Amino acid sequence: MLIEMLIDLTLACGVVLLSCLSLSAQRVFTAIVLYVSLGLLTTMIWARLNAWDVAIAEAAIGAGLTGALLLVAWRRLCDETAAQPEA
Amino acid sequence: MISSLALSLLPLTVGLPLLAATVCAMTSARRWCVGTSVVFSLLQLITAIMLLLAIQDIDADEPLRYSLGGWGAPLGIDLVLNGLSTIMLLITAVLVVILSIYSIGYFADNAKAARFWPLWWLLVAGLNAAFVAGDAFNIYVALEMIGLGAVALIAIAGTRTALMSALRYALVGLLGSLCYLFGVALLYRVYGTLDLVQLAAATQAGPITWASLALVSVGLLLKTALLPLHFWLPPAHASAPPPVSAVLSALVVKASFYLLIRFWLEVLAPATTDFAMNLLGLLGAVAILWGCIAAFRTQRLKLLVAYSTVAQLGYLFLLFPLVAASDSSPNLSNMAVTAVVYFIIAHALAKAAMFLSAGDIQLFNGHDTIDKLQGVARAQPIAVLTFAIAGVSLIGLPPSGGFIAKWLLLNAAIDSGHWVWVIVMLAGGLLAAVYIGRVLNVAFSQTTAPTPTTTRPRTSMSCIGLSLALMAVLLGFNAEWILQLANGTGESSVPGMGALK
Amino acid sequence: MTQDLLYNATGIALFGIGVFGAIVAAHIIRKLIALNIMGIGVFMVLLATARHGEITDPVPHAMVLTGIVVAVAGTALCLWLTLRIRLLDDVNEGDPQR
Amino acid sequence: MFTKLEFRKREANRRELPPFAVYALGFVVIVLSVALMFSVVVSGKAAPKLAGLAAEKLEASGVENPVTAVLLNFRSYDTLLEIAVLLIVAIAVLPARSSNAAGVAHFCSADKQDVLNPVLAALLRWLVPLAILVGGYLLWTGAYSPGGAFQAGAVIAGAGVALSLAGRHEFLWHTTAARIVINLGLFVFIAVALSNALLTGTTLQYPVDYAGMLILVVEIAATVSIAAILLLLFTELKAMVDAPREGRQ
Amino acid sequence: MTLNNVLPLLIIFSALLPGLLIFCTGEQQLKMRRSLNLGGNAACLVLIALLINGVYGGEIFETRLPLLPGMDLVLHADTLSLLFVSLSGLLWFLTTIYAIGYLEGTKNRSRFFGFFSLCVAATLGIALAGNLITFLIFYELLTLTTYPLVVHKGNSASLRAGRVYLTYTMIGGALLLAGVVWLKALAGPLDFTATGILSGMPELDQGHLKIIFALLIAGLGVKAALFPLHGWLPVAMAAPAPVSALLHAVAVVKAGAFGIIRVVYDVYGIEFARDLGLTIVLAGLAAFTIVYGSVRALFENDIKKRLAYSTVSQVSYIALGTAIAGPIATIGGMVHLVHQGLMKITLFFCAGNLAETLGIHKVSEMKGIGRRMPLTMAAFTVAALGMIGLPPMAGFVSKWYLGMGALEVEAYWVLFILAASSLLNALYFLPILYAAWFKTADQVLAAEQSRAQTPWMLLLPPVATAALALAAGMFANTLLSPLSWVELIAAREYGRELLRIVDPAHPSFPLLAFVVISPLLLAISLLIRPLRSLCTGLTPLAAVPALLVALFVSAESNTLPGLFFGSVLVLDQTSQTMLLLAAILWLIAGIYSKAYLAEDKHLSHYTLFFLLCMSGSFGLTLSQDLFGFITFFTLMSFAAYGLVTHTGTDEARQAGKTYMQWVIVGEVMLFSAFVGLAINGGNTLNDIDMRAQPSWASWLLMLGFGIKAGLLGTHFWLPKAHPVAPVPASALLSGLMVKAGLIGWSRFLPLGEVALADIGWVLVILGLSGAFLAAVAGVVQQNLKTLLAYSTISQMGILAACVGACLLVPSLWPLLSSALLLYAVHHGLAKGALFLSVGIVPALFTRSPARWLLWLGVLIPALAMAGLPFTSGALAKSALKNSVGELQWFAQLLTITAIGTTILMARFVELIAKTGRDASSVPIKLSGRLSTYALLVLLVMSLAYVIPQAEAFIVYAYSDKAIWNSLWPVFVGVTVYLLGRSYIESFNFNSVRNSVATKVNFDYDTSTKHIEDVGFRFNRSIYQFKIYLSRTTATISKVRLTQMFRFQVHPGIAFMFIFVCLVLTLSANEHMW
């Protein structure tokens, strides 16, 4: 029971921490990466909350696809090195 | 019997547009889209009319419910139909028919048409879904449909301003719907149901109800663009293609307002306080004045119309203090609700007409800078006439729907002894006259510049705008019929009101 | 019960952080991340609510699933709009040089 | 608010608001959050009425996984609208149909002859079928245990993403086939819903005997569409990113 | 759905549908548009006729469409609404014709006519509105539909006008809306009822009702252009002329005024409103607006702006009438709704014609315009005179009833307002008329001297409306005149029956009316070009009917109930004698004129005024009703202006101006006095209770007729005006027209019934002093005719003194009246002969032997004036002396006056001798004059003896005492003259002449500088006004303003005005005591 409590507490603190970090990150890329990690951590919480369906969906869509989309956009918006050669 | 049969058409209000959307999306050929849309818009109109007949036929105190999937609330989802929602459905159907016809002419381009029509129908589906929704979470999905659909439609214009304002609108919309969802989550947590009627029966004032009311309200207010939260509206409405602007101003913001009414006066009524209601009214009053001033100061015609929407939305919010003031008499609050319903209809028609005419003018002149529109009255008499007639309704001059609406509001305000609102309403009318007069003055002046060579919009399209404007005027003569509808079922539409105090 | 409260609190916190970020951050990607974090907060409250000891309420789960899909759709639309604006800007910036 | 959107690379985490406002906002958000937490703590929690109900009605739903039952039977209307939401975004993003591609029936082609990283190529050769298999499994198993259309669709879309990233395959979204695939989910869903209305008299009410099968049909169609739409979102964004700097239009 | 239920709706549709259809017609589909327009017009008029018929028969017409629960759209045809409906319908028809002509070949006509029809539809809706909400709806609709018309031209001025217009009306609309909603909340459905809705609800909070009233009136006042809210109206003049006509005459301002009527009567109920103390405020506001608008109009040079300010002023009459709160005032206010509409639309049509045909926009450009556009200016003149309130134009009727109404409720101050307004109106309209008719054109216009071509479509409407305005006043008493209709309304509003007592018309031939009308008929046929020379020739014959009647008809009475307020012409012994005198003088003067003016270029003008004047003279002699008397009095006074200024010299102009100023003042006084008389009875002398005459009215009568009679202190115009006219005209002026004053006194003062010692003393003192002083003044004159004019003053002084004596001792009247008549006949003939003798002076110095006969001819009237025994003068004087009874001192004084007269006559003869010698070289054909003169001299010798009044006195005249009494003054006089002759000569030539000359010069200078050039003056005054407003302090500008006034108003007039005011105030106080 206690362990479960601890796990829950850790996960909760981790999620809050990650979200803070993600939003305060200096670089956008870091923010995205942190957000993806946040998504994965959330997946664990969903699992802890007995929401397996949601966990799977979160992993695939919430963290995975959203992250991918953000990264793709980041390449155009912020990543000068990737864009330079084509110009 | 007939009515129950008609009632089984209720899911069609959402189903028909969705079907139309898929058909349009699949074919993507313009003529197919057009054909489908015409057929479906008419079908939808027929459905709405039949529902109207049905609800007039039934003399029930309870709103009509339709349990989707046969499960029934709270597990399943119910659709709810009352006088208010019937009116909203009807006005939507009417506007959709007219605007669809306009759009046939406007989106002659294949690529744009292929994108427009499915989105158009999805948006309509979202609107209808919101109007008949009886489930808090369902409302969330409907709101998302409306929000994202509107964003996508704005983006069709393709200009940078349009994309930019669409993006801002999308962000605001997401923020708003998340707030709303949070509120719903809290409600679900406390009351264990999502069904609005059951929620209404269960709610008690308390911190968590207040919190969820606040969250729900903030979310909906963001989408309704009440004054401090209106910043996204003018550019978005101004930069969209005309039929889209029309539907945005006429219906989309009204949908979230409609939901606000439902939450404040029905679902969470026990948690509302006079102070909060008056605050909403105050914001509405400021919105009226500020919107008018902003409309007057702006340089662009469509922006002017959009700011006018901000101002007109302000009137709607005067409902809340009026209801709050009518503690002892349900008659009075009924009057206020009726007035606002009327206002919604009148504004929907007038504003749609106005956007269409503004779009015409922009199309013809190649720009919509007001100061350079000298002599438009001569070049485009129909468009200017449309603008003027719609303006009449917006100012609230008789004979027009706007006048009746304002009349009813004033009546309610005076009856409840709220002089501040009376003054605000009158001042708002005057200010509206100022900005509309400004446009007309320019339009009637003589041209010095040569006539632009841009293509002239087809007269038939201009006439559609005119027909809308005329409908807004005719509304001023047919008031009783609509009011009976709003009033006769008004008590059932807002059942919480009787128990408000 | 404690788990419920814990995750409720966390959800609320995430929501608050998300709101703060969504309003304060200027960059569009950060804004979207913030919005998504808000979404996670809401979902957490819902899912925490769903847990009643042994029984699990499936309705919030379904709601969250729907929410996730809607969130990703919204995010994608925003990003698409952003990129189109960027493309237009690039064209406009490029023009004078050519 | 939301007026100074930033699109560029900017290392510093710029803010839309002046510092004072930021602090004030932070303070307000913290206060409100604490108040919210407090109110949550104070107020009780409703009895799990719906959980019981769902469990009770599970048998009649045609599936055994309660979440799927809720999604596709009890509250299938939400799901229907949700797919519509996806469709909105898809149509918004969908590239315009070019006239020369009108007759193309297939929307996935492997015509691009780019030389791939052999490792990636090999990975792809395994990964894609595996993903599809997993997707199929998730779809199937959704009726009994965690899983379902969304998850399956996401996984299959993931495969598509991989393919797209590998650069070998191109998805031709402007084709009619693509449009049909995208719309399939919603269309089938509505068709089933309306046919239900004819069968049972109530929209979205499955006949008890055929519920499982019909749900599966809907789920399959939905999976296809979801996968396609998610893939579409990704590839379209990627295509825009890859567009030459001077723009595509 | 019977016809009664849809008829009001149909009327509105008859204007609405054409409007909507016209929008659909193309710019080039002229015929289509015209037929739509006129078809709608015709349909509307037919429907209105149906409606009038029905309402008169008491049917109920009501269309009721549900609008909101408890709020219907009600169209209801009651008498009041019909008044406005028929006005709108009729004027719409005319304005449409006008507009079609006016806009020929311009752009955007479909739009214009479309909105035009909509505008009318809105006006009809306002008229027919059956409750306040319906009224509000159409009221706002009117605002909207007029806006495109105001900005129709699309230039910056009209855009500005549109903006201002919208600003004002929108604010007004908002206030009105607030008031209506509030009232609705308090009182329910607000259907108009004849006695007011609110009067039946005493439980309502009066404070609220007062605020609501203020809101409503403020909202309506914007359109009605009440004082602080009138700003839009002058600016809105930028619109095309038909729009100005429609806006100002009918639609917009009237809608406001009509609304005020509705609110006061049908919503609040007049008694209730009065009890709330609301009407007095409204009345004050209206009164201020009346004066304010007039003053502003005075300083406008732009014709249309002047008319606009005039509208501001005139529309407030309606509000005033409404607010005075008495049935009669109500009639005045409501009837002004129609009357002002007719008159003002005429003015605007004319202004439009001027602008359209000649490009004239400024008052200063109007010189000589009368010759270029006679019809237009004739219409303008009729309307302008009506605006001033001159009878028999429509404006008079309104003012008459307003004045009576005010007296009815004892609101005496209203009379001041009316008087002031009339004066101001005259001040700003008469210069226009003067410039148009009596001035020669500027070079620019003179270059194209031909008559201007104005299309018939532009001419017909103003002429028609002018005719209507005239007819509305002339035939005020007929069944379908606005006045009768309004009386019906008032009766219903007050819930009582106002039955007018009208004698049934005699089927007999209206002989007396024919006497009066025959000169008029001739004057009218004079206007027809081909008949002109013939008519000029026939002029003297116009007096023949009068002569025949005076000679051969005894005691005849004609009642014409349709004319005026029921015209009564009576031929009794008194009037027969006066008519005889008049007929003789006019006949002789007519023949004389033919000879005298044979070579005059402008003979036809002279003849025209001559005939008009003749008609007036006959009419006032015979009229026994107030309206008729004042009408003919006015006709005579105004027409005489044409005679006075006929020679066109500067001196004549100057004299004419002075004459006109006094005439106007006199008119105003008489108007007030007559109103005072009418309030105590009715319109005819039989009905009026003379004993109950208010004393202020007596004072005013004394003064007003005193002006005409040249009473001392009011005589200043006389020595100027009489000499400058052509000789026959002078003869008439001095011989006959001054007697109008006497007739007035004897007819309207309570002579023989009541002793009015104060007035009597004043008259006696002024009369006798006048008799002496004028003789003194006359003696020193160099000009023959001036001398005679002073003699007239002197003689009239005697008559005035006699009248005064009657007021002192009423018992004298029966005898004295005969004596007065005798004296009047004597003086008229003798003075006429003397004046005519001036025209034959050259003949006195020919070498023909007949010249001695001629000298005798000159001497006979002169001696008769002096009163030598056996002349008519002796008879008359002895008659006077014998009838004064116990007032011996009076008789003595009368005898002494003869000395003065003798001196004057002696001087006259000498002057003839002097001037004749100088002038004798000029050969003139004099035979025509001489024969006429001879005839007159014969009459002088004989007539006084044959009139019936003389019978009683002949006995006295030939007693020794009488002969002695008439002889010695002549001796004394001749002696004194011979003694003082050299002194008079030196006095003349050395000292006085210089000062007089300088004075004349000075007058002349100022006149050239400030008065001669009307346009320049106005230009300059505006310019200065603006400059001073902007650059200097308010005080300085005030000083400047008074300076300007000083030049415009003769000091004498100013003095008189103040005097009248004082008297009125005092009498009012007395009344209160």
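Letters A, B, C, D and E mark the chains as written, and numbering starts fresh at 1 in each.
By our rule, a residue touches a chain if its C-beta (ideal position, glycine included) is under 8 Å from a C-beta of that chain, and two chains touch if they have at least 3 such contacts.
Nothing here was measured: the structure is a model prediction, and the numbers come from that model.
A.B. asks: Quick check on the contact graph: shortest path length from chain A to chain B, in steps?
C.D. replies: The distance in steps between these two chains is 2.
A.B. asks: If you take the chains that touch chain C and keep only those that also touch chain E, what is left?
C.D. replies: Shared contacts of chain C and chain E: B.
A.B. asks: Weigh A-D against B-D on C-beta contact pairs and write down the one with more.
C.D. replies: B-D
A.B. asks: Whose C-alpha centre lies nearest the centre of all protein C-alpha atoms?
C.D. replies: Most central by this criterion: B.
A.B. asks: Let me check something: if the centre of a chain is the mean of its CA atoms, which chain is farthest from chain E?
C.D. replies: A
A.B. asks: Cα centroid separation between chain C and chain D, in whole Å?
C.D. replies: Once rounded, the distance between the two centres reads 15 Å.
A.B. asks: Would you kindly tell me how far, in whole Å, the mean C-alpha position of chain C lies from that of chain A?
C.D. replies: 11
A.B. asks: Could you work out how far the Cα centre of chain D sits from that of chain E, in whole Å?
C.D. replies: 92
A.B. asks: Would you mind pulling out the distance in Å between where the CA atoms of chain B average out and where those of chain E do?
C.D. replies: 64
A.B. asks: Counting only residues that touch at least 2 other chains, which ones in chain C make the list?
C.D. replies: Residue numbers touching two or more other chains: 8-9, 13, 15, 17-20, 25, 27-28, 30-32, 49-50, 56, 59, 61, 63, 65-66, 68-74, 76-77, 79, 82-86, 88-89.
A.B. asks: Which positions in chain B are in touch with at least two other chains?
C.D. replies: 75, 137, 141, 144, 148, 151-152, 155, 164, 167, 171, 186, 188-189
A.B. asks: Which chain A residues sit where two or more other chains touch them?
C.D. replies: 28, 53, 57, 61, 65, 69, 72-73, 76-78
A.B. asks: State which pairs of chains touch, listing all of them.
C.D. replies: The complete list of chain pairs in contact reads A-C, A-D, B-C, B-D, B-E, C-D.
A.B. asks: Which part of chain C faces chain B closely enough to touch in the complex?
C.D. replies: Contact set of chain C toward chain B: 8, 15, 18-19, 22, 28, 31-32, 35, 38-39, 41-42, 45-46, 49, 59-60, 63, 66-67, 70-71, 73-74, 77-78, 81-82, 84-85, 88-89.
A.B. asks: Contact residues on chain D for chain B in the complex?
C.D. replies: 1-3, 5, 35-36, 38-40, 42-50, 53-54, 57, 73-78, 80-82, 84-85, 87-89, 91-92, 94, 96-97, 176, 179-180, 182-183, 186-187, 190, 193-194, 197, 200-206
A.B. asks: Which residues of chain D touch chain C in their complex?
C.D. replies: Touch residues, chain D against chain C: 1-2, 4-7, 10, 13-17, 22, 25-26, 29-30, 32-33, 36-37, 40-41, 45, 48, 50-52, 54-55, 66-67, 69-71, 74-75, 78-79, 82, 85-86, 88-89, 92-93, 148, 150, 226, 230, 233, 236-237, 240-241, 243, 245-249.
A.B. asks: Would you mind writing out the residues of chain B in touch with chain D in their complex?
C.D. replies: Residues 8, 11, 14-15, 18-19, 21-22, 25-26, 28, 66-71, 74-77, 110-111, 114-115, 118-119, 122-123, 125-126, 129, 137-138, 141-142, 144-145, 148-149, 151-152, 155, 164, 167-168, 171-172, 186, 188-193, 206-208, 210-211, 231-232.
A.B. asks: Touching residues of chain A toward chain D in the complex: what are they?
C.D. replies: It is residues 24-28, 52-53, 55-57, 60-61, 64-65, 68-69, 72-73, 75-80, 83, 86-87 of chain A that touch chain D.
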